[in-house]
């Protein structure tokens, strides 16, 4: 957190997949960013060449930033996009190839897509939880010969779960976790979930989501050693569900530790947690990455999703568990903390720890 | 299932708490019942003395049965209510005293309230699962000196969970269960959950609900021996949530068995299950108490709640579990299978097994 | 209603656009139809050649009819589809050409699409309201030289409005109407309205919908003279809105008559109305095409949409209007009465009045 | 707008009915008000004597202001409440008596209740629309001999409608108006509308609401002459509906003018409007009391309710009307602009125009 790492001139950045739900969140977060200047927006062929205001069906409750509205959408191609720092909200069907092409072309890609997350040489990072995983970038460069690099953040529900698990794992060592999610429709993007499928309904299935929660969690809570991540030795079972909520994923967790842990101990650990030193004070970092609600019926997505401007995960109902040790509920903004905000925070972390080329 | 137990003349029955959401379901189910004649409706002082049509804010999509609409609501008092067979949808704040008074006065009470469920001498019954628990009625009579008796059915989410667990427990022996529910608002009665609390929201807390799931399940899956129920030796952890769904509780289950069980074995056991012999063919019994959905994203409350006219529980997504053996999702109508229908079916069972006085 | 027009052997029928929301409603309505045998399903190239069970994402709460599930979807082409009687749920982007091709090939098309509705020689019919408009088929045949013909039904919200207006217009003569609709999402088909757009929201705009209400109403309430429809001399202003309701369009109407009409007179006219003689007793005709609710807060889509198995429009709140004469609310099932059911009823009408070739 | 009227020291204020939905909005708006110091909260007997944090089920998405949380709720009695300026969110069942008692005791009451709105000597004010109606306070004092006074604001849906109508009436003279509302559940307070009544539903009835819209509008758009309001000579017909939206009332309007007015003229008038001089720059006044949306499908409650921090009404879809002259849609926050914010703005207006005693 030395002054030397604080940027003095804004870096130009681009957003890939800028017209979708997460892409728009990037635009909102970057419109007035103190370190980054949103210079380019790129999207699929259907959108490329049109002004952003026309290409994007704006979902925000605040008006589209005027400066961005006028930008002409570029194609998703490193030949067309100049910025060194690139935020990707690309769909996984195209992210694999496109993000690789950008990294090969010397760009740093902050990715929300699943494609590279579980690659052994690609960091899967929550800035407050495992900033040390950025060390994988060295292996990545060596391995792949890329001039740039790719840093990923987790799946939106995984990020909410891991934000609550990290302080407990750090302190007590987790052995097993049962997860049941109730996920907002915005997690499926736009147009995403048809209203006929979800009005007054629950869909107890989200494609590949349970696998993501069960694997990404282990990598994020794992340790870096010899340029690789050693997965955390935790057994996880996940049930993932879609519910008629607009924003905010709610996650029920039952947690078993290596040794007995009482609810009060868990509460204390959660309350004390401030996240990794490296992430504190970054522009997008919330004052508290984790808040502990006192009310018996919180967190609730409708009421708590805005905590820390969408960057704080709220936990509550920390109590004993008849099977494991502790039960609790965690809730976080799937679009901000669970996607775009997580990437922006990771980019800020890259800047601070000096992993981006000087300018 | 001998013909001799099939009633030849309809028995008069009463509904206590007839104006609420579950009370109305009783009225619907009993309006054209082949064995029972709905002769009396009773409710709190506020309603007593008024025609049912006025006292009840009718929630059904079909019109209120005309014959019942004209009935004058009676007070909840065995002196005012004549019927021998009484269905109770009373709130737990009054059910304890009132149901006891009716049983003492020689009536048979089919109760939805929590008050007597866990009493050692009171049967807690799902007709297809543990009809043998009716044997507790002998102990009850002896113990309490009641001329009548009380038979309870479980909490609505517990009934859904147990309907899915019973065939598996019978066949393989369950050791541990994780439960996470997503419960419909009708489970909270009427007016129940304020719309301001639940529109686009999840409330991860339902008062005392987790305790009910964790205890009632063990009793229902337990064995009767020497006039008492020996609880099933299962460890259960429950998370209960309210979601913006009108009808139908969805329950995620992770199940661990005494010995390894594969998903295919579980599926086969679920498919084969027809429930206890004693319950088959009863007027309110569905053709299949349990249906196994094939689609990857079912059951869903909006689409499956009407299965078996609300009396079939639908399970789906039976798959392996990284922590225990098997994961699955169960969904059932909380008002029919989970409350009023369960009571009516229990009453039919009482008739068939000859536990009601002859007329 | 002579016995001679009642079919003795079922006619084979086809559904075009069978995989969409309205197409599926046709499948449900025709699966056990007493006069028609659903013999063929056709849909776009994406679906053609696949079994219906695979091609259609089934939206119904009851299982897909087993016989239809196995049918191979045909292309929308009169060369591939044999049936003489064809129900069309095609999108307007393709309906113009396709429906014309079927009519040219000698088939009778019952269409839900907007394309031909306002053509002077095409009947736009609600069976109970203007069955005499079928006379346009003679002009149509003459004009276009088609061996077959096209009969259309109105836009879903227009049908609900006209069902309530018809008895009043017939009796008193309407001069002006103010309409404000609150329309269900199923009216936009599937996938249709994205959940992110409508959860907890109102969209005060439905493309071209206000124009449809303002023009189709005049044609349907018009008179046939000399082989053409003379539009009803009514001035209409429509506001159309989308609301987070699954099924059932609610329509607020303020109605001005040629001479003063009191609410009680309007209520009497609405209560008496049984619809045109020709439509009575047809298989899909409800006992009452119009029901008048007594409760002060009805009709409501959630509670009344199933009236007459989706074929009855329910009106309520008939009261005085400070500007015109009478205000009221009408509600009907947009998928059944407002689309597929209306077409099936029109086909039954064609059979009864002898407008289809004998077989 | 002279500097002399800007307060130099904060005035102590109280909120009556502080625990309900509107009461809580007062607490939020007054927690950091530049001119007013929230010194007292009062509520019904059930709440009086308890800390506000306990008595109120907090509905806000931001935490309850800590200072208020600790306040002990006072009874609604001028003997117990000291403040000279009193905001009332009392239910109409008690507001009549209570507000009168406060005014008699020399207090100035800013009321949301319907009780005094239509009294000839009580101002019914939207600060930007009819600040001159405050002149009625002189008649009120004379008439009733009160040391204080009562100023009311309109019903929530009326305020939204009038905010859109005022600029048009001022400029062109309105003759007739059709109104159809789609109102949020928060307009019914808390607990208010049961979720079982409104999930996926429309209720086409709100008790006494249509009458309020039809009468209050005329008073607000009327002129003060000789100490009385002469109602505007406008004929209004209102349809009011409840929809499953949390916050934000949407209002469809068809407007007929004294002389022909084209949509472009109406748009120009709406765009130009800044509201009455007296209200501009007041702390709670938005920069623009009226915003004109350009998108074809706006305003929408979910997306536009926060405009001007809930104090701007957004209009859109201004277009020609086949019956009258112009159709449009207006939407506003029913809790802020439609209730608490309107009262606070009225209080600021009272201060500015010198209608409160100096301190």
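Going by the order they are written in, the chains are A, B, C and D; count residues from 1 in each one.
Rule of thumb we're sticking to: contacts are C-beta pairs under 8 Å (C-beta built on N, C-alpha and C of every residue); 3 or more make two chains touch, one makes a residue touch a chain.
Because the structure is a prediction, the values reported are computed rather than measured.
Novice: Work out the mean Cα position per chain and let me know which chain is farthest from chain D.
Specialist: B
Novice: Considering A-B alongside A-D, which chain pair is linked by more C-beta pairs in contact?
Specialist: A-B
Novice: Once you find the CA centre of chain A and the CA centre of chain C, what distance in Å lies between them?
Specialist: Each chain's C-alpha centroid was found; their separation is 48 Å.
Novice: On a C-alpha centroid basis, what's the spacing between chain A and chain D, in Å?
Specialist: Distance between chain centres: 41 Å.
Novice: Chain A to chain B: how many Å between their CA centres?
Specialist: 43
Novice: Going through chain A residue by residue, note those that touch at least 2 other chains and give them in order.
Specialist: Touching at least two other chains: 199-200, 244-246, 302-303.
Novice: What residues of chain A sit close enough to touch chain C in their complex?
Specialist: 21, 59, 185-186, 190-200, 244-246
Novice: What residues on chain D touch chain C, complex-wise?
Specialist: Checking each residue of chain D against chain C gives 176, 178, 180, 182, 199-205, 214, 235-237, 239, 241, 243-246, 250, 252, 254, 296-303, 316-317, 321-324, 327, 329, 331.
Novice: Within the complex, which stretch of chain D touches chain A?
Specialist: Counting only chain D, the residues touching chain A are 60-62, 199-200, 246, 302-306.
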